[in-house]
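Shared between the two complexes below is subunit A, which has subunit B as its partner in the first and subunit C in the second.
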Partner chain A sequence: MGGNSTMKKSIRRMALLFLLPALAMYLMLFLYPAARAFYISLFDWNGFTSSMKFVGLSNFRELFGDVSFWSVAVKNSLMITFVGGALVFAVAFLLCAVLSTEIKGKKFFRALIFFPSVVNPIAIAILWTFIYNSKWGLLNNFLGLFGIEGIVWMDPAILPWSILVAMVWMYSGFYCVILLAALDRVPMSYIEAARLAGASEFTIFFKIKIPMIWDVLVTALTLWGINSIKEFALLYAWGGGVDIPPAGATNIAVKMYITAFGKRVTIYRMGYSTAMGVLMFLSVALIVALVAMIMKRDKVEY
Partner chain B sequence: MDKQIRRTASRIGGLLARLFLYLWCAFSVFVFFWMIFCSFKTNREFFKDAWGLPAAPQWQNYMRIFTSYDLGNNFKNSVEIVAISVLFIVLISAPAAYVLSRCRFPGSRVLSKVFTIGMGVPFQLLLIPLFFQMYSMGIVGSKLSLILIYIALSLPFTIFLMEGFFRSLPSVLEEAAYIDGCGPIRTFFHIMLPLGSPGLVTAAIFNFVSLWNEFLLALTFINNSDDYPLSVGLYALQGSLQYTGDWVTLFAAMVVITVPTLIIYMVLSRRIISGLTMGAVKE
Partner chain C sequence: MKKVSRSIALLLAALLLVSVFSGCGSSGGQPTGAPGNNTPPPEGGDKPYAGVTVEWASCFNEAEAQAVWMSEMAAQWSEISGAEVKFNFAGRDVLTSVKSDILVGNAPDVIDNDGSELEAALMSNEEILLEPLTDLYDRPAYGESTPLRDNLNGAYSLLSRDGVEYIIPFIYVTSGFFYNKTLFKELNLEIPKTWDEFLAVCDAIEASGIPALAADGNISFYNCYYYQILCQRILGSGKFLEAALDKTGAAWDDPGFLKAAQLVSQLSAAGANYFQDGYAGSAYPAAQSDWAMGGAGMLYCGTWIPLETSSLTDADWEYGFFGMPAIEGGAGKTTDIEAQMMSFCVPKDAKNKEAAKDLLAYMLSKKSCDRMVELNDNIAARTDSIYPEALAEVKPIIDASESYYKNYDGAMSAAPEWWANVFYPADDALFFGNITPEEFIEQIKSESIKFYANK
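Here is the complex of A and B:
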């Protein structure tokens, strides 16, 4: 018994020793700044002077009253998260419906589909500006082959949609592969039984396979909620490397960065910018809660 | 009759879905090769014909990004920043994840949750407080500040991933080691860590790819253009080429930034994909 208690003690000691570096790092450079963000968001502060003027919730009041913020940044963020999300998951579903059947070259296709998500987002943004370029871009060139007159894909009115297409191309594969990995674990016996009963592949996919990977689907949707709000690089690069991005490429994340550190127009409104950061955090929390609520159902055991 | 129609419809639907898959993949392959071909063209070829192949490969496009532009230096910075960050991320996360997944002590569950919650925090929330924290430490704008931040911000995901990995190891081994009089720390280093090394490698790959492509924090925390990593370097290059119109060089730069992740991906795609599953699919 004595040996057991020394063992316990030395396990405790190890636990402390092993946790300390991660915990210290996490506390200092993650939890503390996260908490401090809420504090800073209550101040009027340009960052570099020590005078922080407490203004209560007026940063948030200003934010909620800022029409251009809502009609541009918030609108684009919402569009990315919900319209983009619908498209990403529609494509992901379609691709993995095909790939979860016995298809030749499955691994090859899976690797290809996933590939865009490991490419640098700045490179992807640049690549798509060349695809969309109205004079010598790939897309209008392609349409020209069929005698179709191309349009200005980067026109302010169309730009958000054009970017959304690039985004769907970049991310669908990632979510498809997550879902696919789960689909591969659905027991064959269920699928075969359904097939024998005369169910179509369509029915099997939506009535049997999807309910069985529900948990993973929830995880994937949650992940999309977090990542879509955070999206920055792909949009910011639309500024061409010299300028702030056009309105069509401005979401909350971009707006927030410009408000704090914008290189062209230095604004340095740290409190106001941090209030946007807080808003982003709350948006993520809301989306996560929303996903959990909508997707709530009894667990299928198998 | 009705059944027949439905069967035909389902077959056509299946065919269309398959066609979609082929087109999707064909597009990705095409875009990729288009990028490579463009990087070997002359600017005149590039503007004249979007589809044409380069008459002769213009290797000097690649020379130019290293001689006329600073991409070589950016590449070196990226390697340095990412390598050091990944090393420390793994070094710090592995023991923590091991303890959190296999030792029960008061508060261990809560602690594990506290780390996990970090995955849901958009970095934008931390951006300004971190900036001024680095400022008051006197290291803002340096590679060191970026490395520290990369380490801290990668902990939640990495610990989450590794916890799953350590949890899947059989506890018999640990118990046997303890009975043989092996202390817990030695047990970790001699038995559990080697067993968990595939998980460590997976975590390292994930962090490598995501930090190699990271942009927001690099843009915020690196001041001096001599210290730019590739993603910021590429962004800056795009800006300076705006005036010269030397687009083929930009394509060469895009190839350079893509190749390392591509190689890693080709060699280790199975591990990346299975690692993804490990995070998402819990037993």
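Here is the complex of A and C:
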């Protein structure tokens, strides 16, 4: 007994020792910068000079009264997270429903729908600006084949929606593949039993498959919540890389970058931008907590 | 045996840690600052900067013509000076790229970028992070005998602070209407001197079957050229900047601002709609490319346009240029010229300041600037340099200049947040024809008051 306990202690010590490097890296590369960000948000600082002026919570006070931050950046971020999320998961489930059947070339189709998520978002932004070009773009020319007159897809009035379509195209495959992997684990015997009992495919999908992949679905939704708030490259590249992105392509992450580093417009407000970062962090934490709370269910064992 | 393997494992873990942390601390290169590098080169000495590595952070990408020129000139200077020049072609986000280096006192020796951006980032009211370049301005360039400042376009003084120069330009940029001279000849069009003549030119081009003007609406700093230049023509230089900084918003009550908005509106979709269809949703560079391929008559832009579009033009294409016409009764003159300057600077914490300045004295020689023009179709900041053929019509305009004003009247760099959050949304809405001139003034006034009240 005594020998066993000593061995356990020794293993624990070894485990701790091996965990230390990772822990040190985590503290150094994540926790310290995160804590430092909170600290910087209390200063007026352009990010270039060594002098930082302490302003307390002024940056946050200013942020709460910043009309363009709330009416443009926050509005677009919420739209991407909630409307975009609904569309991404609707398409992902639709694709799952098709690909979880016994169709031929299943692996090929999986790879195909996953492909957009591995392409550089900057390339995707360029690709979609070509597709949307109102004069020679793919979309309007395609509509023209059916005698439908195209529209200006990147008009500022509808730009957020057009970008959302590009995002749905980019991300649906990724979430579909995650959900499909989980669906593949659902035992066929349950599904066959349900079919024998006369359940429709719709019922099987929602009453058997979804409950059985609930933990994976929660993880996927949490991932989307985090990634959608942090979405940056696709939107930033939408401005052509030469100017600040148009309002329709500005979310919290883009606004934060522009405020800290400028983009031809020389803003350079690192302290204020970091206050936006703190708010973004809190938003992500809130979304994760909300997803966990709303989706809380007893785990189905099988 | 277990003890031995555990010891080996521990040793390996320790080695791994040491290698990781030593990697973090390493600069990843040879130290560049040899002692005494900040002293001037010895008179008449051969290869006076032998052993020195000048680090250069550039806003250009390696494949761009400007970068090719820089590399070529740096190689030539290296032959003479014995120094090496190490480039970091960081692209337009160069200041983001060097920010942390500057903060930790590891600044590059030379940074190039738009002069206004360098000024805003590195010459803040709190601290000037740049080395004065007065001695560089006062010395002759390589192979010359007159002070460098005597050969530079006078607009450089716009970038000085309290009479001290910290930034030195190498490319001079101004803006105006670009057009195809062949098209103008075919349509018997003359360069318009007044607003009415300009509208007549637009009508004639429209009648020929193409839109008079091209615009990539997703680039707000292109869209706002129209309003800003018209304000300059109507009110004179400096008034727009005053209004941008006015916390009360009262400056916008000047009828000149409304007049300028009315003229923009006249061109927009709310007026004669001289732009190509769907210009509000045109993503750069679609419209300018279409213009270069004959799809539109004119394009208002900076003098970098021939460089960006010359590969798309037909053989008979000939670049023409004219400035925004005078507005009757306006205080601004056509001899007041807008100036944007691509510039060099030397951070005050640079390790090789004297070598960097010597390198710049080489880069700014007439011979070097002529080579730059040959390579990249831009206007050199040196007044005695050759002109690119595509910009030949810009030369007489600049030569006739009586005064210079900063691009966008200096408002973009003096009030950047106001510019991005208040001016851009209002100006885009006016330019796209979504609001009336009166609504524009009301919006910009009320939003300016709100913006400054929140500071």
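Note that the second predicted complex is superposed on the first by the 278 of 302 C-alpha atoms of A that agree within 3 Å, B and C clash if a C-alpha of one lies under 4 Å from a C-alpha of the other, contacts with A are read in each partner's own complex, and residues count from 1 in each chain.
The working rule: a residue touches a chain if its C-beta (ideal position, glycine included) is under 8 Å from a C-beta of that chain, and two chains touch if they have at least 3 such contacts.
On a predicted model such as this, the values are computed, not experimentally measured, just so you know.
Upon superposition of the two complexes on subunit A, a steric clash is found between subunit B and subunit C.
In the superposition on chain A, A:I113 makes contact with subunit B only, while subunit C stays out of contact range. Shared-chain residue A:Y132: touches subunit C; no touch with subunit B. Legend: residue contacts after superposition of the two complexes on their common chain; A:S51 is shown touching subunit C, with no touch to subunit B. Look at A:A182: by the touch rule set out above, it reaches subunit B but stays clear of subunit C.
Shared-chain residue A:G240: touches subunit B and subunit C both. Between subunit B and subunit C, B contacts the larger number of subunit A residues. Of the two partner chains placed by superposition, only subunit C is touched by A:L159; subunit B is not. When both complexes are overlaid on chain A, the residue A:M14 reaches subunit B and subunit C alike. By the touch criterion defined above, A:F261 reaches both subunit B and subunit C. Of the two partner chains placed by superposition, A:F60 touches none, neither subunit B nor subunit C.
Superposed model on chain A: among 236-244, 254-262 or 272-280, the stretch of subunit B in collision with subunit C is 236-244, the rest showing no clash. Residues 14, 17-18, 21, 25, 47, 240-242, 261 of subunit A are contacted both by subunit B in one complex and by subunit C in the other. Considering their complex, residues 3, 6-7, 10, 13-14, 17-18, 20-21, 24-25, 27-29, 31-32, 34-35, 38, 46-47, 50-51, 92-93, 95-96, 98-100, 103, 105, 108, 111, 114-115, 118-133, 148-149, 151-153, 155-156, 159, 178, 183-185, 188, 209, 212-213, 215-216, 219-220, 230-231, 234-242, 247, 250, 254, 257-258, 261-262, 264-265, 269-270, 272-274, 276-277, 280-282 of subunit B touch subunit A. Every residue of subunit A that touches subunit C in the complex is listed here, in rising order: 14, 17-18, 21, 24-25, 46-51, 53, 62, 65-68, 129, 132-135, 152-156, 159, 238-244, 246-247, 258-259, 261-269.
Across the complex, subunit C meets subunit A through its residues 6, 10, 13, 16-17, 20, 92-93, 95-96, 99, 102-103, 114, 116-117, 120-122, 124, 126-127, 129, 216-222, 276-278, 280-286, 290, 412-413, 416-417, 419-422, 424-425, 428, 432, 447, 450-451, 454-455.
On the side of subunit A, the complex with subunit B involves touching residues 7, 10-12, 14-15, 17-19, 21-23, 25-26, 28-34, 36-37, 40, 47, 91, 94-95, 97-99, 101, 103, 107, 109-116, 118-123, 126-127, 130-131, 136-138, 141, 169, 177-178, 181-182, 185, 198, 200-202, 215-216, 219-220, 222-223, 226, 229-230, 232-233, 236-237, 240-242, 252-253, 256-257, 260-261, 270, 273-274, 276-278, 280-281, 284-285, 288.
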